[in-house]
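Before anything else, here's the structure in question.
By letter and in written order, the chains are A, B, C, D, E and F; residue numbering begins at 1 in each of them.
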Amino acid sequence: MDTWLTSLITDTPQQGFELAITLSRRGVKYTQPDTEVLHKLRPEYANSADSLTAASQVIAINFQTVAAANDYWKGKKG
Amino acid sequence: MDTWLTSLITDTPQQGFELAITLSRRGVKYTQPDTEVLHKLRPEYANSADSLTAASQVIAINFQTVAAANDYWKGKKG
Amino acid sequence: MDTWLTSLITDTPQQGFELAITLSRRGVKYTQPDTEVLHKLRPEYANSADSLTAASQVIAINFQTVAAANDYWKGKKG
Amino acid sequence: MDTWLTSLITDTPQQGFELAITLSRRGVKYTQPDTEVLHKLRPEYANSADSLTAASQVIAINFQTVAAANDYWKGKKG
Amino acid sequence: MDTWLTSLITDTPQQGFELAITLSRRGVKYTQPDTEVLHKLRPEYANSADSLTAASQVIAINFQTVAAANDYWKGKKG
Amino acid sequence: MDTWLTSLITDTPQQGFELAITLSRRGVKYTQPDTEVLHKLRPEYANSADSLTAASQVIAINFQTVAAANDYWKGKKG
């Protein structure tokens, strides 16, 4: 596979959250690399409340990792 | 996407909990950006005990992150 | 919403566990604020083993947060 | 409710694991205090592989908390 | 119950992973101690992709605990 | 079983993510060692959005462990 992850450090928490989304999608893609299949599956979860909650949960778990890596961007006060 | 997350630091644990809710909803919204679809799905999970428990679980995971970022608001005794 | 969470610090681990329950219920309530709907849903999960396990899991996740906030009440030996 | 949790500190990791089981069961019991109902639900999950896995997962989450509280009983080498 | 867990410390990460599997199985066994029932349930989950994923998840959670206990075997570079 | 895990330390976060995938698959394989069965189950989860999300979640949990072991590769800025 191509190089897609060289660092967990991001400038802002929002970029960190978006990195967590990337990690979540890559977890799917390593398991099912066929993008055509993935494309076909999209309506199945994008229109199901429970599937969306499950997707949000994976993002939350990955965001824990990214946030810890960035020491929670503690210097930044919104 | 717009800027919606500039810091994980909040003044109170309750604000932190509410930020955890925001993170959970954003996790859904990044996966399904169409607000009309999201609106239609609302009755599906808002009236299902198991879906609400699942939603509460995602909030709990995100609250772990926000709480750690704020060093658990340790100075605050209720 | 009213002020319901001013601190994660509790005197005993049991109070901390009960705070974790409060956090879990609030996670539900923020998602479905209509107490009448929540009341109607109660039999659905309170009589399902899997729903009760799921509820216990959310409590366990929130208890991790509360316990860390209290440095695990390390001074207390039962 | 009675006093059932005065400390997270245990002498051995096995006692810690058993405390994690207690926490998991209490999470259920706070949600459904009626022991008769709980008794009736037992066959439903005790004979389902997926329910048992879910129960084991809640124990695993609570064991993380108890193990951290005991600094992983690091002095003990089996 | 017999003594089965005297330490979380292992020599290698692989032994730690195998201890995580033991913890996961014990979590099931404390909930359903009847080995005959457990034996009958085996085909139900060992032939279901989702059940196997769920089992792997419990192992992953327990492995977090064991890995932290061993300070991630940081001295070992593969 | 053969030796397959001698260290959690990797050079890059991407290698760490791929190790997390290995851990997730091994968790399945310890539970169902019959590779023929595993092969037959593949279509069941590789074509289900919810199964893929669940697989991604186990990877996310294992990635937390691997990332912590590597101190989040903090020296690496992408």
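The definition used in the following text is that a residue touches a chain if its C-beta (ideal position, glycine included) is under 8 Å from a C-beta of that chain, and two chains touch if they have at least 3 such contacts.
On a predicted model such as this, the values are computed, not experimentally measured, just so you know.
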Distance in touch steps, counted as few as possible, from subunit A out to subunit D: 3
Distance-maximising chain from subunit A - centres being C-alpha averages: D
Where subunit B and subunit D are represented by their mean Cα positions, the distance between them in whole Å: 27
Subunit C-subunit F separation of Cα centroids, rounded to whole Å: 31
Whole-Å gap between the CA centroids of subunit A and subunit F: 15
For subunit D, residues that touch 2 or more chains besides their own: 45, 50, 54-55, 57, 61, 64, 68
Chain-level touch network, classified as line, ring, star, complete or other: ring
Direction subunit D, origin subunit C - full chain order round the ring: C, D, E, F, A, B
Subunit B partner contacts - residues on subunit C that touch it in the complex: 3-9, 23-28, 30-32, 37-38, 41-42, 44-45, 50-51, 54-55, 57-58, 61-62, 64-65, 68-69
Touch list for subunit C against partner subunit D, complex: 12-14, 17-18, 21, 45-50, 52-57, 59-61, 63-64, 67-68, 72-74, 76-78
